[in-house]
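Structures for review follow.
Two complexes are shown next, each including chain A; its partner changes from chain B in the first to chain C in the second.
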Partner chain A sequence: MSAKPDTRLTLFLLLAPAVLWLGLLIVLPHVEILILSFSERVAPRVYVFGFGNYLEFFTEPLYWRTFARTAIMSILVTVLTLVLAFPIALYIARVAQGRLRAMLLLLCLLPFWVSELVRTLGWMMLLRETGVISYVLQATGLTGQRIEFLYNDGAVILGLVYGGLLFMIVPLANALESLEPAVVEAGFDLGGSRWTVLRRIVVPHAMPGIVAGSIIVFMLTVGNFATPVLLGGKNGLWFTEQIYAQFITRFNWPQGAAFGMLLLLLSSAIVWAGLRLTGQSLGTTLKQA
Partner chain B sequence: MAQSTDLDLVSVVKRFGAHAAVNDVSFSVAPGEFFSILGPSGCGKTTLMRMIAGFENPTSGDIRIRDKSMIGVPANKRPVNMVFQSLALFPMMSVGENVAYGLTCRGVSRAEAEERANRMLERVGLKGFGERHVTALSGGQRQRVAIARCLVLEPTLVLLDEPLGALDLKLREHMKIELKQLQATFNTTFAYITHDQSEALVMSDRIAVMNQGGFEQVGSPRELYHHPATPFVASFVGETNRWQGDVAAASNGAISVRLPSGAVIQGRDHGQSQVVGKTALAFVRPEAIALAQETSALSGLPNRFEGRVSAVLFDGANSSLLIDTVGFDEPVRAVLPQAGQLAGIQVGEAIHMGWSADAVKVFSA
Partner chain C sequence: MNRPSVAWKLYIAAFYIFLFAPLLVVAIFAFNASPFPSPPWKGFTLEWFIGSGDAFGKPGVLVDPIWLDTIANSFKVAVPVALLAIVVGTVNAWVLERAEFPGKTLLSMMMLWPLVIPGVVLGISILAFFSRVANGLEEWLQTDLDFLRPGLPLVILGQLSFILTIATLIIAARLRKFDRSLEEAAFDLGASRARVLRTITLPFLRPALIGAGLVALLMSFENFNTTLMLVGSEAPLPITMYGQMREGATPAINAVSLLLMLGVGGIVGIFALTSKTER
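Presenting the complex of A and B:
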């Protein structure tokens, strides 16, 4: 049980950078934010302890509606991403061979060589009223006037799904790759239809990958800022915008901190629920990601 | 009524690019038969099986099961089930679910499928294992689950692709007998592939010997062993001595082969007409070689040689000797009886050996 002192020292030294990194960049700011979120401003530059910031969230419908909307849209985006990514991952893992597989993965990775902002602006070029799609539709005579595709929920979802796709495909393809081809064949051989084999063999096998991908995409979506703001415009109504507004526009840091804590709580709760629902443990899931 | 068959292959060919993995194979399997396909690694056995199961399409030819052509019928609609080389049990399901899987695919209710699966597990000696996870089984138990999973569907034909390959020797010997017994009690037709000739000889009613995509000979284990039709069968099935030489004389079914050293072996022609002077291969089984300490004891035999023991390969009843013999490049292999005065023979001792002309199979090379 008891390690020799010098090995323990080595272990400590090896772990020190990671511990420092975790402590300084993640734990410390969050403790700060937590403390901040419980301070109410009673007079200029005078703060007292209290739950006012959280109460404000529940009493102002705009806040909690935006919050709920963010949660529901994020779940929707995650599900859509999963449905889209599954056949792609299946193809990459089971059908594509050698160079083609590398090419396909590279193709998925390509959009991430430009920043998220530029990618989103790209979508704006395509979708805006004077954009490419509108122009083509008009030129081919399918529509009489220009059409605005931007600034609605569809555009926001499109952008978010696009941004999440890679992070779903990689863990899914990983999970599917380890499925023995003979197991799938046995599924057919014993009389299973495509649907049965998918439902009873492929999906259960890929479950750790599905959960890992979903958690990553969900987290990225909930915490996204640029995509809902740029593609959704005034109708974006993403909760991160509220946090941004409190911190930057209103300069109400305690309120922003409370929102930040609530968002953290929301993601944790939904991830936990997802894990419970699928019967996966965080351990096996992290192995897959 | 014409004799019915469970499986017929008619001139089946499978090409991968220019390479013919299976080249013009035809055979029939009768109901209840244990039919084996025996061949060296890479000769196309698995490819042949996969075509019968429906995972590959033949380039040409026909596959018929109970007189219905299977061309174009997908794997999940064929009355054949396969035990895979790797077993391919479903790791995401329990033992009971593995066995019930095929039944539920057919629309059998969950409760009934479970009950039938349990009954099947009982018959293969796995009573009470239904709830177990498949990873918590021994090699032999996993084997039985893989077979139970097929048999529960009462298929016309069960295909087994080297199912004993992954087991250790002891268990393999045991499973050989168990498989044969299972096949007999269920009276299901088995098509079994293996590269292990002893597996094929022990279990099969009939064996097809396969080489480089084609069938060399189809017959009962005894036929193959005692009357091989080709040099490949003679050397692949069972232990044998193999010598190459020229035909020295051939008349009235008697044939003599002269080895490069000048030694002459008397044999019998087996239906193939041999031309004097042509290259020929002669085969003699180790157990056909009589051993003696005095040459007088072998006086009735046309082939008599003298040699010195170079190795004693002790293996109980399968013990044999390697004998360095004048006139032969390689040592002659002969079975050493474990009774009698020769049982204690040592390396370096002189020995006489002889065999009849009937024991020598001669093929033109």
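Presenting the complex of A and C:
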């Protein structure tokens, strides 16, 4: 339709925003923190190349313990979310019909369009020593005095599982929807128990959804900041908090950059391992969600 | 499996109670006539929305300059983010769906990256990079470049870094469904490229453009992790809420949350309606 140089100019102009976006906001900033993470301060405003920031991470127990704790608790949260979400997704995809199904899915979506801070505020108001649950327990005479449910690992896990549920339910329901009822019935006809059919037919079929949901929930959990800090208080000890402390409170950017790289590495490693184990690509996985 | 057991049904019911309990508690206690956002119930009041502060020492949300400023800051960020997301997202969608060039697969893969980078890491990397750029440019130009320092412009860039991916995916999905023979027909009838774009292609994309804009608006309004790292003295809503929640807040924070929920409900409603009329 148009001459050759013209189309090349058009292509250049069309590509410009994407290149600027990915270059200036993603690639170069990450190169910057990679370089920053390998620089050590030897005198005020003088930096040299070195592995000091990473060594500091391995030698200071608070840092690597917080890192390990964040990783382990995130895996726990992911598993819990999967177990809690599976019956819901199965119900939405296989049992509920028509309007009920649409409504159940919509009701699932609604709370997640509300800010994370609002949801966390709700949990704080429920769990606090002066909060609703403690008040109800005391008013009904079940306990003599107020109970603090906040500021412990249980509260952190509860908040994180709550935050991850939707991102598990939607991919699971999508995967389960395509399961042929005839296949399930054949399983029963061949003498399979409920448990066998679930384990041998339903779960394998839902695998793409399980992987997609688990990866997304893990990523969101590991990178979360507000939920562990607000619900865990001093006992929250989440790795993102360490990054924040180094960058904003202590103004030790090289150390914070090293922590950032480690978090990125952890998150990417899990995503990669999850995709690798099940032979899926990032594109199709994100589409599931 | 098709006949759900009672236990299963009970579990579903319990699950939905669990899902909505925190939101209900937040909403209900926005109307409690008490200086603290906790039980017991001391009577209904609108003080935390429109009160002047005589009753409990602190004014209601819609009167308090602290809350009004922070809501205004959120809009100052969210509106540019949404508009830029629509424009850049459309161009990107065009690149993904229409253009052919070497390295396209790599580019389309790179566009997904921002979704797998933790928000906190996006925040610190952009903070560090733009500080370096600012240091370099300021030395060279001998002038202050405050917009590259923590503050609302940097928050806009930080949020765009991942919201652009979402906007691009939404618009590209719609563009993929477009029947190109419609455009060809218009060309055959003698329409110019600009006219075809204006009268055929963009009207077709409109629901996706609106959808992408609304999603961008919501995500910007609610983003916490990336914003926290890039914020200066003017704080958007989630940052102010976070500060208040750490210190111990008045029910004004419940009132703000309720307004936020209503706003989100409204936007999701519009979104649902526009996407429904489309199908």
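Definition applied: the second predicted complex is superposed on the first by the 248 of 289 C-alpha atoms of A that agree within 3 Å, B and C clash if a C-alpha of one lies under 4 Å from a C-alpha of the other, contacts with A are read in each partner's own complex, and residues count from 1 in each chain.
Throughout what follows, contacts are C-beta pairs under 8 Å (C-beta built on N, C-alpha and C of every residue); 3 or more make two chains touch, one makes a residue touch a chain.
Being a predicted model, the structure only gives us computed values, none of them experimental.
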item: Partners on chain A (chain B, chain C) - clash or fit; value: fit
item: Partner chain(s) touched by A:F38 [first = chain B, second = chain C, both, neither]; value: neither
item: Residue contacts with chain A in the superposition, chain B compared against chain C; value: C
item: Contacts of A:S193 with chain B and chain C, given as first, second, both or neither; value: first
item: Superposed model, angle subtended at chain A by chain C and chain B (C-alpha, nearest 10 degrees); value: 100
item: Partner chain(s) touched by A:F167 [first = chain B, second = chain C, both, neither]; value: neither
item: Partner chain in contact with A:A182 - chain B first, chain C second, else both or neither; value: first
item: Which of chain B and chain C A:I88 touches, first, second, both or neither; value: second
item: Partner chain in contact with A:F57 - chain B first, chain C second, else both or neither; value: neither
item: Which superposed partner A:I248 touches (first chain B, second chain C, both, neither); value: second
item: Partner chain(s) touched by A:R119 [first = chain B, second = chain C, both, neither]; value: second
item: Lowest C-alpha to C-alpha distance for chain C against chain B (Å); value: 9
item: Interface residues of chain A shared between complexes with chain B and chain C; value: 188
item: Partner chain A, residues of chain C touching it in the complex; value: 1-2, 4, 8, 11-12, 15-16, 18-26, 29, 36-40, 87-88, 91-92, 94-95, 99, 101, 107, 109-122, 124-130, 132, 157-158, 160-161, 164, 187, 218, 221-222, 224-225, 228-229, 237-238, 241-242, 245-246, 253-254, 257, 260-261, 264-265, 267-268
item: In the complex, chain A residues that touch chain C; value: 1, 11, 14-15, 17-18, 21-22, 24-30, 32-33, 36, 84, 87-88, 91, 94-95, 104, 107-111, 113-126, 128, 130-132, 135-136, 162, 165, 181, 184, 188, 194, 197, 202, 219, 222-226, 229-230, 240, 243-244, 247-248, 253, 256-257, 260, 263-264, 267-268, 271, 282-283, 286
item: Touch list for chain A against partner chain B, complex; value: 180, 182-183, 185-193, 196, 200-201, 204-205
item: Chain B to chain A touching residues, read off their complex; value: 53-55, 74-77, 80-82, 84-86, 88-93, 101-102, 105-106, 149-150, 153
